[in-house]
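Quick heads-up: structures coming right below.
Both of the next two complexes hold chain A, though its partner changes from chain B to chain C.
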Partner chain A sequence: MIFGELGYYSLIFSILFSILLFFFIYQDYFIKNNNINIKIYSFCFLQFFTIILSFFSLVFSFLLSDFSLASVFENSHSSKPMFYKFSGTWGNHEGSLLLWIAVLSSFLFLFLLNSKKDPKKYRLLTIFFQNILILGFLIFIIKTSNPFEKLIPIPKEGLGLNPILQDPALAIHPPILYIGYVGSSIIFSSSLASMIVNFVSKIWAESIKIWVLISWIFLTLGIMLGSIWAYYELGWGGFWFWDPVENVSLMPWLALTALLHSVIILAKRNIFQSWTVILSIITFALSMNGTFLVRSGILNSIHTFANDPKRGIFILSFLIFLSLLSLIIFFIYQPQKKGNIFFNFSSKEMGIAINNWFMIFFLSAVLIGTIYPILLEVINGKKISVGPPYYNFILTPFLIPFLIIMTISVKMDWIRSSINEKKKELLFLLIFALFFVLMISYFFEEINITVLLIFFSSIFLIFSLFKDFFDFFRNKKKINIAQIISHFGFGLLIFSIAVCSTFSKEIDINLKVGESIKLYNYELKFKDLSMKEDKNFKSIIGNFNLVEANGKIFYFNPELRIYDQPLIMTSEANIKTNFFKDKYIVMNNVSGSDYYNIRFQEKPFMIWIWIASLLIAAGGFLSIILKRN
Partner chain B sequence: MKLSIKKIIILLFILICSISTSFSAGSFDNKIKKISKNLRCITCQGQSIDASNSDFALDVKNFIKIKLNEGLNEEQIYELLKKKYGSWIVFKPEFKYDNYLLWGFPYLIFLIGGIYIFIKIRKKIIKF
Partner chain C sequence: MLGKKVRSRAIFIFLVLTSLILTAYILFKSLEENVVYFLSPTEIYEKQEIHFDKKIRIGGMVKKNTIKHSAESINFIITDFKNEIYVIYSGSIPNLFAEEKGVVAEGFLKDKNYFLADKILAKHDENYMPPEVNEALMKESKQ
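And then the complex of A and B:
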């Protein structure tokens, strides 16, 4: 069909526009005026247009189930629901790469439209560097992973999409995550450009803050969607496993969070110039690193794409090239210090420095934990696993001072703040939090001291932000509401995770129809099984009654789904959520018997983990809106 | 006033510590769960033994049950499994020669970061 050709040739044209752009940027760079040549606008738009056209050609090929394209044949099926045909576009390596490029060029186009106040040379160079990225990925996609590759003869039917990917949360997860990942590309390009034209300044920080916020918000949401999906789809009741693929999305998030703070300090006080630039580069390098690791096939994870070593080598070389380029630019054009700026020890500046210090620590732990097993295997052939126990051991203790310093430093002013005024307030909150923790430890004796301190420090943060919030309504004290919401979200997130992992109950049992069993204060009855047929799967539904001690009954219907294209069985958890806890039941068949394996879990505060993540992102969103007005 | 607040805080801390030092052993099923959460299902893709329902995972769960009944403790069970399947199976890498960099790197970065901030910022800090 026509869409295959249209998509392919649009990509070829966008390469041509890329090359033309380099030429016109070079030409325009030496012309002394304040306006960018209109040709650059045109070609940027044309490039953006052709890439988007190519992307939508692929979308239509998927929607129309055009099996003459290898990528559609391998990842789709005519009986699939329309929505999953659509999301199948990026559910595979080739399509997701095209999405990546589409976001890359969209960001460039948006940058061009939104940077009119900035110096001409800086804008031109940003376009230049962003185009290096676009061109690199365009060559990569055409050379190694052409989504429009033809199949002859044309197959009658496709192979289908992995059923665990046929899920609403996971369908929108990649585009959201990619906006986050790729958003950091424009930060990268503009930081290189600003070093060369000596523009690393307050004004630069103000102008890139919006890009940092956008990518940070989307990355936060993207990671959250992935976790939600893992929670209800993977059937073990967890939401974060410190799996390498989860880690590679967390690393840019940590770097972006550090960058978000250092950009603020650069915008306010014109310090941390080199550091902000370094963080910008690191963030994008980590995003690229994520793409490389996920696509190279060297990771052992449930999320990796089908592998081809050629792809890994290409991305790795491109990553090394970009890193070298940034290093060279950094050493030649390192931002020069302008005068000396002083601040007191108890100041916002110090707080942000400490934030960045801890962020880099968290980042280094996740980084080494992810790549060390790979390195070790290459060096001496030994295979080791680095999993949750490692990260819990390293990261958890450091969260305690981190949260406490976070509480104190948001109360600080710029340059200096007299600690005496705040001492009373903080002491009051401290006692309040200690009292709260004391109560927890009194009622639940089995908690260890680290967890108690996590409770204490997160409660301390939450209380202190509550107080700020109410002060704001009572006497209209000027506060940064966006910051409070995000920080509150973070405190709540840590608190909820601590509650959930400390107090959750879980049990595995084998039951057959008609049996019942006593679990904690409940009685679980396995009533019967029913069958259902859907468009592309059959399901066996278990009907369970969970009876509380006071006679209240919960009805649970976990499912076993048998997808036909491809033939895969999945189990769908049934979760009952309220504000205090989630009850979670998932069932699996036990081969060769009429027993079913039932996994029952009770997870307190689970919903608050998602609410907290949303609050973190909402704070960022609010910050953009407040800035605009 | 000031002193008394400090005293209260110290007192509260001591109370918390004294209460929280009592650890309980946990039930038998919980023990199996805890151990199988720290083990990788080597026939699956990135899942723990606890999360998996594969034949391999079921075998390992049974193995843990038997060994616990024989009176072995957690560490001994990990050792047995490591001997059988290699250290790939445990999610907590060992503290040994091979893994010093893995365990040490984050702390090293923290230390270097601390020193760097101290040197860089010392010049900027003035007491008002």
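And then the complex of A and C:
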């Protein structure tokens, strides 16, 4: 159909526009004036237009179930709900790559419109570097993963979308995550450009801060959505598995968080030029690295839906090329140090600098845990897996000083801050937090010391910010409300995770219909089974009564779904949430017997993990809004 | 004497280097202690020294007609068509756990033929086989 052709030729045209842009940028670069040639604007717009057109052609092909396209045939089905046809566009390798390019080009277009105040050469070079990225990915998509590839003869029906991907949270997870990932591309391009024209300064930091914030907010939300999905859909009740695919999204987040803070220091104090540039490069390299690891099929993971070495090699070479390019530029045009790089020990920037190093440590730990198994296998063929014990062991102890330094440096002032003024307040908060932790350790004896210290340091942070928040409403002092909300969210996140993982209860049992069993203070009755038919799946629903000691009954209906295209069985957990805890039941049939495998879990503070993540992102959002006004 | 600036810079570089070395040491030390090795039944059979206190993963096929259920646990045999291992497991089973399908079990060896699993790894696609299993099977079938 027409959309296939339209999409494909739009991509070809956008390659042409890319090449023309290089030519015009070269021409315009040596003309001394303050305005970018109108041709560059028009071709940027044309490129943006053709790429978006191509993306929507693919969307329409999916909506109309045009099975003459291989990507639609392999990942869709005519009987699927409209929403999942739509999200099926990026639920596969080819489509998600096109989405990646669409975001690349949208960010360039937005940058062009929003950077009118910046120097001409800097803007031109940013467009130049961003276009290298766009061109690279355009060649990649056309060479190795054309979403508009034709099938002859045209199949009557598609193969369907993997049912575990048919889920609202996961449907919007890729676009949100990609805005975060790809948002870092414009930071990368602009930092290379600003090094060359010697523009790494306060003004530059002010102008890229918005891009850092946007990517950071979307990356935070994207990771959260993926995590929520894992929690209820994968049926294990965990929300973070330290799976390589999760790690590759966490690594850019850590780098981006460090970058966000160092950009703020650069904007305020005009120090940390090189460091900020290095972090910009690292962030984008890690986003690319994420794409490489996921797309190459190197990882043994359920997320890996592509398995073609050609693709991996292309992305890897492109990644190496970009890294070399940035290294060369960095060594030739390394930002000149202005002013004194040594600053006062008791100041906000010192606290941020130390925590920046902590974040780099966390990042290295995750990076090594992720790639070490791959390297080991390449070197001596040994198969290993690095799981939660490694990460818990290596990350948890360092979170304690990290949280304490965070608490103190949020309270500090720039340049020079006398700790004496804050001493009383901090001491009061410290005693308060200590009292709280002693209470916990009194009631629950078996908690180990590291976990207690995590409780202590996160409560210290939470109380401290709570007090600032309170002071703000009594109008006693001016505060940065966006900063308070994000850091409060982080404290709450660590606290909730600690509570949830320390006090969770979990039990697996095999039950037959009609049986009941005592679990902790509850009695679980397996009443009966019922059947239901939906548009694209049949489900077997288990009816359970969970009776509390005081006679209160909870009704649970976990499901087993049998999807018909493709034929796959999934378990749908049933979760009862309140502000204190989640009760979670998932069931599974045991093949060839009357038993059903039931997993019951009680997860305290689960909802607060999601609320905390939302608060972290909300702080960033607020910071953008407050800045605009 | 060295200038103040030079000295403080030297201290700075020294600190950075020491912390780098320390970091690398901590990372690799904890990595060494916390990784889980993946083995096939034949590799276990041929292995000279076995650590019974170290967690490992075993991969292979679930042998036909060997799954037995009780209220508390599931027993089955993992095979790579040369050697086999008897597995006892209590816990939740992934949807696609079935006879003559690939499986990865994590837990502790009691002896060379007897494995106490505490986790059966999730697989969500009928055709999906963990690369580890695929490779172990390929390797065994070649020999």
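Before moving on, here are some points about what is shown:
In this section, the second predicted complex is superposed on the first by the 625 of 629 C-alpha atoms of A that agree within 3 Å, B and C clash if a C-alpha of one lies under 4 Å from a C-alpha of the other, contacts with A are read in each partner's own complex, and residues count from 1 in each chain.
Everything below uses one rule, namely that a residue touches a chain if its C-beta (ideal position, glycine included) is under 8 Å from a C-beta of that chain, and two chains touch if they have at least 3 such contacts.
Please read all numbers here as calculations on a predicted model, not as lab measurements.
Because the two structures share chain A, they can be overlaid on it, and in that overlay chain B clashes with chain C. Legend: residue contacts after superposition of the two complexes on their common chain; A:139 is shown touching neither chain B nor chain C. In the superposed model, A:510 makes contact with chain C only, not with chain B. With both complexes superposed, B is the one of chain B and chain C in contact with more chain A residues. Touch criterion met: A:416 reaches chain B, while chain C stays clear of it.
When the shared chain is aligned, no partner comes close enough to touch A:562: not chain B, not chain C. When the two structures are aligned on the shared chain, A:595 is found in touch with chain C, with no touch to chain B.
Contacts of A:435 after superposition: chain B is touched, whereas chain C is not reached. Contacts of A:447 after superposition: chain B is touched, whereas chain C is not reached. In the superposition on chain A, A:387 makes contact with both chain B and chain C.
In the superposed model, A:345 lies in contact with chain B only, and not with chain C. Once the two complexes are overlaid on chain A, the chain A residues touched by chain B in the first and by chain C in the second are 234-236, 300, 302, 342, 357, 361, 364-365, 368-369, 372, 382-387, 389-390, 393-394, 508, 588, 591, 597. On the side of chain A, the complex with chain C involves touching residues 162, 164, 234-236, 300, 302, 342, 357, 361, 364-365, 368-369, 372-373, 382-387, 389-390, 393-394, 508-511, 560, 566-571, 586, 588, 590-593, 595, 597-599. On chain C, the positions that touch chain A within their shared complex are 8, 19, 23, 26-28, 30-31, 33-39, 57, 67, 69-72, 74, 90-99, 122-126, 128, 130-132, 135. Touching chain A in their complex are the following residues of chain B: 5, 8-9, 12-13, 15-17, 19-24, 26, 29, 33, 37-38, 40, 45-48, 50-53, 55, 86-94, 98-99, 101-103, 105-106, 109-110, 113-114, 117, 121, 123-128. Within the complex formed with chain B, the residues of chain A that make contact are 234-236, 238, 241, 243-245, 271, 300-302, 340-345, 349-350, 353-354, 357, 360-361, 364-365, 368-369, 372, 376, 380, 382-390, 393-394, 398, 416, 427, 430-431, 434-435, 437-438, 441-442, 445-449, 452, 456, 506-508, 588, 591, 597.
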